[in-house]
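These are the structures in question, set out in turn.
Heads up, the next two complexes both have subunit A, just with different partners, subunit B and then subunit C.
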Partner chain A sequence: MLKFLSVRLTTSLIALTGVMVIVFFLARLTGSPASLYLPVDATDAMVEAFNRQNGLDKPLVSQFVDFVANALRLDFGQSIAQQRPAATAVLSAMPQTILLAAIAMGLTLLLAIPLGTFAALSPNSTLDRGITLFSLFTASIPDFWFALVCVLVFSVSLGLLPTSGQGGLSSWVLPVATVMLHPVGVITQVVRGAMLETLNAGYVQNARARGYSWRRLAFRHALRNAALPIITVAGDRAGGMVNGAVIVSAVFAWPGIGKVLVDAVYNRDFAVIQAGVFVVGIAVILLNILVDLVYAAADPRIRVS
Partner chain B sequence: MLAVYKFPDCQRQLILTQRRLRIREENLVTNYVKRVPALKTLMLSAAMTVVGGAALAAEGSIVLVLPSEPTSVDACDDSTNANARVLRGNVVEGLTRLDPKTGQVEPLLATEWKRVDDKTWLFTLRPDVKFHDGASLNAEAVAFGINRSMNADLVCQTLSLFKTKTTASIESDMVVKIVTEDADPILPARIAYIDLPSPATPPAAKTDTPIGTGPFKFAGRDIGQSITLAANETYWDGAPDFAEAKYVWRSEPTIRASMIKAGEADIAIDIPFHEAEGLPNAQEYATNSVFFLRPMLRKPPLDDLRVRQAVNAAIDKDTLTEVLMDHSGVPAQQLVSPLINGNIPDFAGTAYDLDRAKALIAEAKAAGVAVDTPIELIARSDLFSGINEVSQAIQQMLQEAGLKVNLKPVDSAAWSPWARKPDSLEQPANLLTVTHDNISGDASLSFPNYFSSGGRLSMANDTALDEKLAKAATLVGDERTAAYRDIAKAAYGEEIIIPVAALQSRLLTSDKVSYEANGFTDIELHLADVKKK
Partner chain C sequence: MAARTLSLTPPRRRLAADSRLALLLRSPVALLSALVLIFLLLVAIIGAPLLQDLANTQNLRLRFFRPFSLERGWAYVLGADALGRPMLAQLIVGARTSFLVAGATVALAATIGTTLGMVSGYIGGVVDAALMRISDIIVTVPSLLLALSVLFVLEPSILNLILVLAVARLPIYLRVSRAQTLEIRERVFVEASRALGKGTSSILWRDIRPLVVPTVMTVAMLEIASVMLAAAGLSFLGVGLQRPDVDWGTIVSEGREYLTRAWWATVFPGLAILVTALAANLLSNWMRASGDPLQAAAMGVTASREEAARP
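Up next, the complex of A and B:
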């Protein structure tokens, strides 16, 4: 187990290091922050002073050496846009992001697994067609449009929920629903497909012949055997929720990491881009390890080694 | 409290009379003075209802929803819209301010000013004004604030507005002396952009807790979420109506409008027409911002006047503004609005005439101009809502006229090398999309940037025009206005820039507040002008 974790961590960190190096140089190819933060008619002296203050006056290699030296101490520098340490800017957005992702993924699984299973239990029935239609609808609908329509209906017309921002429990409803939208549809389809295949397996037919109920068979035996593709897709979608959710941030002004990263790119806030990629990278690595562990728990044939 | 509300008109009348008397006294002792008009005094006094000397306390709170968060809350960065509309006139104030309707300079923290010689000005300060930290407004504090903004190492946004070195010093306790290296006849207007921080502000570092003299104190900031201001009960011009103002940021215009409709906010700006249509509390206003194209004058085919005239004639501004801009613009023929002295009254400009555009291009081609050279249309995606569609339409219109135009969408950072010298001089033939706003009342903050050979954003290279600009900068009054109009006529005749649309915006208010939008609203949204209904 420890060996598995150390190997997994080592290979992941090597990949993350490579990504960080690429991000460092790619970010600087996108243009100088001085052109964004200073007036268009700023003097050369102002531009020079700005670059000096933000360490942008040094040669690129020298900037990279400084970045590596500081990053080893988890110091990613100062955010130009937010005027605070970049790590603080990123980490302050992480708790809300993780909580939102956890709630949304939990609810997604609670909804998608039963729906996919019931659809698989009666293939081509009205129920199956209804669930398939629903899942295709949620997987296809543009989340941006969905979010705005929800605001117009539930906030403006009905006055039931706040339009945006983060306040009480009610402020979570629309962001969570928006984040769940696509994963619910996709995972329902994955569950249905995996369950159909499993339910047609010989051991299930045999058990059925022995008089086991479909419900017992489906939820006790077949679902566990169908779990691997579900875990894979759910893990992938959870990663997307952690580093994505930009729509939720943009529409609902949700303080998430997705918006922090997108804003940092637009603002040429190199320090925040680098800190954001690092933190999200770590989160994805941990998520992948978690998915591997869940594989092993779900299927005893898979060993953590 | 009930008694206070019982006779508001009488109270206001009393204050009005007191103020008129005060103004008359000031008129007697000063010569070269600009004053608050009586009507302005009436409006300001409405914010201050006094009974027996006790000021009416501010109460309640308002929420303002804006598209973008300030990038800095330091007073010396108040020249960008996002920063100024939260801080300027609310937390921090300058010596003077500009009237949004006339563009005239009005007293603010200075009650009067005098030009001693070409390069020296004396500003007399308003007495009994205190910063939010209790420090008194005096010449020392003002000199500190002005010189701090001029510190090149601090990289203040406002610094670029001062083309000549400007230094403040103490003349006496309540008189500050401002000296400019070169003559600056419009210094009182220019100084309106310098907001004055408390002397306790770090002199060589930006602050994230601004302290000023304004009607509101900076109460707190949740980065990315909100900024909260609290009423300054001892404000020199009377406490504001509301005890608290909270700013929140929503980039989506639909959400900003929804917050008003759902009763979550009281003022929302930059609302598209379709979100405001039919609402009784919607206001449409001109922003003083003009959208124009800047041709690359130094490379073919745009170095030929006929080609530039063809570009102007080929753009159907009526269709662009009516169909594509969703009522967010009206056709424009000039760089500056009527608020600015360089605006030419009744200037006809160039009418849409596709046949003429085609003929001009044919004429240029016959004369050997390489009209087939590809022209890059540099479309900056964040200029205004719908810029991408407008740019595509312009591309189509120019292609229809016979030019070869490639559309190149860019963000603001990628736009910069196309816009600013020296990089812009190395670019291929292009038409640059630009928006420019000027609320100073004076064309010196517009024309040199775009029309002079040395202008950072200019592609012009015309010695005669440079001389005219240099001379105009030294003139005052009607002579100055005439000189800038003459320059404008010459520049438009040479198609140095091609104006397309004067931008308009919309604002929504809740039933709780009354606020009259003006040409400054997108830049300065004064909370003292927001009243309880």
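Up next, the complex of A and C:
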């Protein structure tokens, strides 16, 4: 297990390094921040001073060397737009997003596991077809459009929920629903598929023949064995919630990593883009390792291989 | 010559296609989905060139013209937007772009991804390791962010949108085809081809490709819907397409400005995306269920872990 984890960690870190290199040069291709932060009639001297102050006057290669040297000490430089360390700007936004993703994933599983299991208990029944249709339906709705329609219905027409920002509990409802939208459909399908397979296994059929009730069998015994694919997809979807966070920030002006990253791209705030991608990348790697650990806990056979 | 008889050749495939069509005719939901997709595709191909001018005709007196009224003719039956352009005509012109982007992206990603996946799986070694790391990189970055920054650099255009989306989707095809190649590589008929002195490219093309392609086709069908959603999302964020190019996502993002004044300018383009994606998803769901069980098993293992890579 330890060996497996270390291999996993090494390959992930190699991938992350590759990502950071790409992001570094990509960000600089978006153009010079000077044209964005200085007035149109800025003199050459002003531009030069601005570049020197932000370390943009050196050749690209030496900028990159500096970046790597500082990044190894976890120093990602200063945010031009926010006038504070980039790492601080990113890290202060993370708790919001992690909480949002955690709530959304919790609710997704609470919804998807029973739905998928009931669908698998009576394959090809009306219930099964209904649940399959529902899950394909949620996976087909454009999430940004869903968010807008919800604003229209619940905020504008009914006046029940706030349109944007972050306040009390009610301001969480629409963002959580938007982030959940696609994972619910996908995970329901995966639960159904995994449960169908497990329920056909010999030991389940045997227990069934001995008079165990389907429901008890399904939720007590089969679900544990169907857990692996569910964990895999849930882990992936949790990582993919960064995408949901970007949409949520665009529609609801929700503060979080999505907003920080999108603003940074538009503001050519290189330091924040780099710090953001690094932090998100680390979060995804940690999530993958967590998934592997949960795997091992759910299925003791994995520890051997 | 002997080696040639060992590979799968067309005669049997014809039969398979026929029985598949018969199956489709017996499944009402799948048939309806296929018909809806064909209808939308025809409308997009035939209607878009005809309605191009009408869609761009501004008429400020018809600003926010309300939907469901035939007073101004069919083009205005779904209302008009902030500049008085007819919604229905806009949707039809947008349909062409949306279908073009989704179709071209999937075709490009599937072709390149499958080729790389087969080479990676068959050759193994350094090539395999390098390709898998590259695919890891693509999966690690939040795809929406990657697309956002790339499209921010490049000018928004249909071609750039297709390229960016295709790169983001590559890993799915790469891994599905690699996993299948790994398994096929060990089969006796491939070993026989190798023993008879067939070259690598010939084995890949004549022995392995025919078995990998059906699985990839099923994945591709599933991807049409998600690529369409992703492209619309990018246009909505303002980095996908910009006027004069217009797709359904662009129309939603324009309508959003007037959400409270003219709900139809936001609701209808989104509905168009929803209907198309749902039809594609229903069809691909049916393809998986009715397809070869071996193929379904191969997809189950490999496709799931990469699905979160979607922008």
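Methods note: the second predicted complex is superposed on the first by the 284 of 305 C-alpha atoms of A that agree within 3 Å, B and C clash if a C-alpha of one lies under 4 Å from a C-alpha of the other, contacts with A are read in each partner's own complex, and residues count from 1 in each chain.
Here is the rule we use: a contact is a pair of C-beta atoms (placed from the backbone, for glycine too) under 8 Å apart; a residue touches a chain by one contact, two chains touch by 3 or more.
Since this is a predicted model, take the numbers as computed values, not measurements.
K.L.:
Return fit or clash for subunit B versus subunit C, each positioned on subunit A through the superposition.
P.N.:
On the shared subunit A, the partners clash.
K.L.:
Looking at A:L148 after the superposition, I want to know if it touches subunit B, subunit C, both of them or none. Which is it: first, second, both, neither?
P.N.:
After superposing on A, A:L148 lies in contact with both subunit B and subunit C.
K.L.:
Thinking of the overlay built on chain A, is A:L261 touched by subunit B (first), by subunit C (second), by both, or by neither?
P.N.:
Second partner only.
K.L.:
Figure out whether A:A89 sits in contact with subunit B (first) or subunit C (second), or with both, or with neither.
P.N.:
first
K.L.:
With both complexes overlaid on chain A, does A:N70 touch subunit B (first), subunit C (second), both or neither?
P.N.:
Neither partner.
K.L.:
Which holds for A:N225: it touches subunit B only (first), subunit C only (second), both, or neither?
P.N.:
Once the two structures are laid over each other on A, A:N225 reaches no partner at all.
K.L.:
Is A:V156 contacted by the first partner subunit B, the second partner subunit C, both or neither?
P.N.:
A:V156: touches subunit B and subunit C.
K.L.:
Given the touch rule stated above, what does A:S171 touch, subunit B (first), subunit C (second), both, or neither?
P.N.:
Once the two structures are laid over each other on A, A:S171 reaches no partner at all.
K.L.:
List the residues of subunit A that touch subunit B in one complex and subunit C in the other.
P.N.:
30, 148, 151-152, 156, 250, 266
K.L.:
Which residues of subunit A touch subunit B once you look at their complex with the stated criterion?
P.N.:
Contacts found on subunit A: 30-33, 35-43, 45-46, 49-50, 53, 81-84, 89, 92-93, 148, 151-152, 155-156, 159, 162-166, 250-253, 255, 259-260, 266, 268.
K.L.:
Okay, in this complex, where on subunit B does subunit A touch?
P.N.:
71-72, 79-80, 152-153, 155, 157, 159-161, 206, 208, 223-225, 248-252, 254-255, 258-259, 261-264, 411-417, 419-420, 449, 455-457
K.L.:
Using the touch definition from the top, list the residues of subunit C that touch subunit A in their complex.
P.N.:
For this pair, the touching residues of subunit C are 133-134, 136-137, 140-145, 148-150, 152-153, 225, 229, 232-233, 236-237, 249, 252, 256, 259-260, 263, 266-267, 269-270, 273-274, 277-278, 280-282, 285, 300, 304-311.
K.L.:
Tell me, which parts of subunit A touch subunit C in their complex?
P.N.:
Against subunit C, the touching part of subunit A is residues 11-12, 14-16, 18-19, 22-23, 26-27, 29-30, 132-133, 136-137, 139-146, 148-149, 151-152, 156, 186, 190, 193, 229, 232-233, 236-237, 239-240, 242-243, 246-247, 250, 261-262, 265-266, 273, 276-277, 280-281, 284-285.
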